[in-house]
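One chain, chain A, appears in both complexes that follow, with chain B as partner in the first and chain C in the second.
Right, the complex of A and B next:
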């Protein structure tokens, strides 16, 4: 590891100022960042830890309008068990947090860090390889190399997948995020956090240098809203999703009035699917869900080794829909 | 307790076993000839109080609390850290190596070359040079400052793409005709049912929790080394030989391996890392620690070779195997020469007594690091292929897989185990339970056999164990052999306590220091069967000396004195153990026991038998397989420490499930580098994947030594992957012939069925 200055800010404005110094990175739990630093993929001169700001940036609370505010530093373990998330409308978020990594990691991992983590592509994350990601090399090595865990859709010149468990349910819930930069606070739709054209050269997210995520906001949910999260993996413990899906449905008298389907781990960014619209005005049924699942993967272009992800991904969409409407 | 045997007396003992559950006893009398001076044999009728009991691991608390110090925990004043520069290319030549820049860096104490300019580079990770310095960060910076240039040659890391590899069709079946075999083909032609198929397994890395490595300290001419090893004496000899040029003699080398965090066959030598550590410590004139990191563990410290095997065979109308043809290939890295690289694939031979058989094996090279022995080398691979093949054959013939085993298994002991195990597991009911045709989750059950043969040996010259009884009543037993986690310390303590008639808590066992009597390397499941009679002999000799003191004190004949229930004395006059030990002078009773050769004549059973049953659930939507429960029935001769023996079996089942479902080395063809050389991507069974595990140990008295334990580390590892794979076949109605059984392969099998 290269030597670096470790900054422990006392308040948000100190953090804001420190974050804008050149060659500086922000650290939440540090799980993703420190891994990349050890691998020498990132060698910053300064690391600003946000953890001293837990009072301001942590916690989970129900807001005045009935929405839920997730502090950027709230841990995945808190999401798992906080009473504010104990509703059927937020079940998907809870499930996504609970199925992440291991209990130890969930005690440490923060909401913002989880959304902003880098891809787990084995070419991207090794200093031995020079691929197109981050402009380290000319081409994507996974396209011609081993791509069993890579993207099946939504990619252009880099076939990495977005690994975050929390992104699909938060997108399905139409969440927003607040940031601070140069003393200014901005609140935007979560979808804007992810690049619309996720090329290899482009950063994994759209934050400006030094911009600090302070909170996520889940809008108030109607009583009949339901979410669920399902994922496929190769083993029960300590594994990454090979495909993931979060769905949100609102049922009115047994008929689907609103529906969202968001896929994870199949593309360089979490991917809302327009196929959800097929359900509007329909009654839940296995046949309908199969149709939606198939449609969610229209346009999929699997690589040489990951065709199975399309089959599995469809099953996961079905499972998420069945669980949300059960 | 039996009376000590006189010289050359034949002793009549009872060998065999008591039937498990309702199975018959198979006991018989046998005359054996213990060596002169050896302890008398324990047999099926010897009442044992400690041995076979449910004792805890004697060092369990020390390990769980961190008090146990492993090589990686050793810390010495002024200790330097070290690491190795690894070749980034898979094949070529080292043409330039410049170390001076690294030497001049701050905090760097020594730099040594491990390869000469002009030498060949054989795989990504081949060791080039090593650096020692104040901390690992500075050491890594120095490694980056070493200039190494290579002449790069084209490489191939896929062993099935080499020139001599057999041609495979799109389904992974060997597409080349079998070489002619007239008798065998004659038998096949007569068979009522025939079958042929190709099976394949991937490279599994040892993944020991403690990495390979050493800490070394020179003091004048003397070298002291802490090594994470399975062979303390082997490492000592190897280092002395390698460092002969520095005037080192074997006697001046001390090796410590008091605690070892697993080895599974990969830690028999000091390795390039051990030697580099000693060279750096010599050059730096300071103690040095060099432990591999996880990537180096996966890529340079050995692995279970990949295997490809093709079988064909036939059953007669009665379901008896009459023909059995096997050809196999092993993929074991660059060191394959003339077809031999240690990649051999073993298959069971007890089903084919009446069959025409043929076996041929070839190892194939690739530009990857060499394989090493791994827990039952060649067996899990071969048994997987052979047992799944048998299930497919049984399926074609309409015979239940258990019934097929019962008709063909020539070993009585396993016949008993099959019947007992099937009953306990609920085989018939589980096998008959249908899966609904449209069910998302399909269940299946499978089974597989195991075999090993290891009754231990005397060693040449014989292994020894030291036993001391102190006047404070404490007992010390010492072996210079290592406890790699299998439980040697507990075995030594329990046997000594049994012989001395005392609470095992009074016995302290020490292992893994070359100042103590020599013992075997821990390979082939030899340690317990080899050293049990040696510690027994040591305690037996110590007991005789104590009896002498007590006899004098009581005015009795030493021959009348025995030790039991914490007392020592004659039938009428007994001293408490603590009182008896007070008769010992300031110097302890201090004796060395030895391992005598196994008794002549045939043991009751020369092989260890076992069988395993597994139930799986397959998610047909996602292709994920989960093992729900498993049962192992396993013999291991005389069970010494029951809890530890069971833990060997449970661990083997878990490792086997992991091999069957998850583990595989994934290589990048273009760079020749392993892609999943860490525990994030090299997938190993985790705690949430652990099924319900049941283990029944069977004590078998083989009558081969005074203390007749048999090897247990390896046999249960033979059956587990096969049991899982046959259960998946039952669940799907379609075999998956390529391990690991990952979701993509399950879905492909389902697509074939549809």
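Right, the complex of A and C next:
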């Protein structure tokens, strides 16, 4: 790791001011950042730690309207265990947190860090390669290289996938995020955190330089709402998803009244699929779920080594839907 | 014939390296943490003396901002139980308890551990008296090359502390971040079971 100046703010306004200095990065748990700094993929002059602001930016709490506020610094281990997430409506979020990485990492990894982590693409994460990501080179090396874990849809000039486990269930739950920049607080839909036209040169997220995510907000859920999360991977535990799916359904008298399907690990951004609409007014059935799973991968254009993701991904969509309606 | 004394006697590779590291620090000079009247506390980029709470004792150690908790423990405090294997949070060999929770000390900056209790595998022996979990590891033959063992022990300890009498499934969940190339997992689980049955945490 290159030497750097470490800034420990005492309050959010100090963090806000420090984050806007040149050559500065923000750090939460540091899981992804320390890794990249060791690899010299990122060599900032200043690192601003948000950890001293745990009281303000951490914790999980049920809000007055029944929604749940997840502090940006809430750890995945807290999500896994917190009683506020022990409801069928938030089961998908809890399952996604519990299946991420290892216990040691979940004890440090934060909600905001999980959403904002860099892609795991091995060309992007190697100092030895100069690819289009971040403008380091002219082309995407995975398109013609080893692309077994890369995108099958929604890509243009860079076939990275978004690695966040939490993004699909949070999008399925229509979550919002709050940020602070230059003293101004903004609250937006989580979908706005991810670029609508993901390009190699553009970052994985839409935050401005120095913008600090302070919290995620899960809106109140009707009693009949259910979410689930399913993913495929090569190992039973401690592995990244090769495909992932979060679903939210609201059942009314055995009929699906509302439905959302969001795919993870198959595109440069977490991908809500309009195919979910096929379920509206229908009763849950294996045939219906198969139709939705097929439609969710409409337009998929696999690369030379990742065609399996379409087949496996459809099974994962079915599994998520079956679990949510069981 | 008498064997001439080994000139290296008394100087282990470790103490030699440690001596060089200290000399290196001395030449860069220690800088104190600077706090502007109305600004945030800043450290670095040079070295600082910080105090860590390790195994119940306050220990002074010189670190740079980029020094990980693992390196502060091993190189600064001579607590070499936690192992530096992958150094990227992928193997669990460096597992210690921070605030009572297992973490990869290779991904924690030493400065982030200031004021938070750190527990390492060294805490599990009082002189010649080992913790019941260590005894169980020996009894169950839960190690081969032993490199992953300190991390396995600390994750096992956290599992026992949090669950009392964990099921095999819970053990698998809690030890998922510790890799063993010798494949001792089954015996590690047996050691956890043995400790739980004896009521030891």
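Criterion: the second predicted complex is superposed on the first by the 326 of 326 C-alpha atoms of A that agree within 3 Å, B and C clash if a C-alpha of one lies under 4 Å from a C-alpha of the other, contacts with A are read in each partner's own complex, and residues count from 1 in each chain.
Heads up, the rule we're going with is that contacts are C-beta pairs under 8 Å (C-beta built on N, C-alpha and C of every residue); 3 or more make two chains touch, one makes a residue touch a chain.
Computed from a predicted model, the values in this text were never measured in an experiment.
In the superposition on chain A, no contact is made by A:25 with either chain B or chain C.
By the touch criterion stated above, A:105 is placed in contact with chain C alone, chain B being left untouched. With both structures placed on the common chain, the touch criterion links A:5 to chain C but leaves chain B unconnected.
In the superposition on chain A, contact is made by A:14 with chain C only, not with chain B.
In the superposition on chain A, A:242 contacts chain B only, with no contact to chain C.
Touch criterion not met for A:266: it reaches neither chain B nor chain C. By the touch criterion defined above, A:312 reaches chain B but does not reach chain C.
Using the contact criterion defined above for the overlaid structures, shared-chain residue A:234 touches chain B, although it does not reach chain C. In the superposed pair of complexes, A:148 makes contact with chain B only, with no contact to chain C.
In the superposition on the C-alpha atoms of chain A, the part of chain A touched by chain B in one complex and by chain C in the other spans residues 1, 237-238. By the touch criterion stated above, chain B contacts chain A in their complex at residues 88, 137, 621-624, 626, 661-662, 666-671, 673, 675-676, 680-681, 683, 685-689, 742-744, 747-748. Those residues of chain A that touch chain B in the shared complex are 1, 120, 122-123, 126, 128-129, 141, 144-146, 148, 232-240, 242, 305, 307-308, 311-312, 315-316, 318-319. Contact residues on chain C toward chain A in their complex (touch as defined above): 39-46, 64-66, 68, 87-89, 92, 95, 98, 101-104, 107-109, 111-112, 155, 158, 172-178.
Taken in their complex, chain A has these residues touching chain C: 1-10, 14-15, 18, 30-31, 34-35, 37-38, 47-49, 51, 77, 101-105, 107-108, 237-238.
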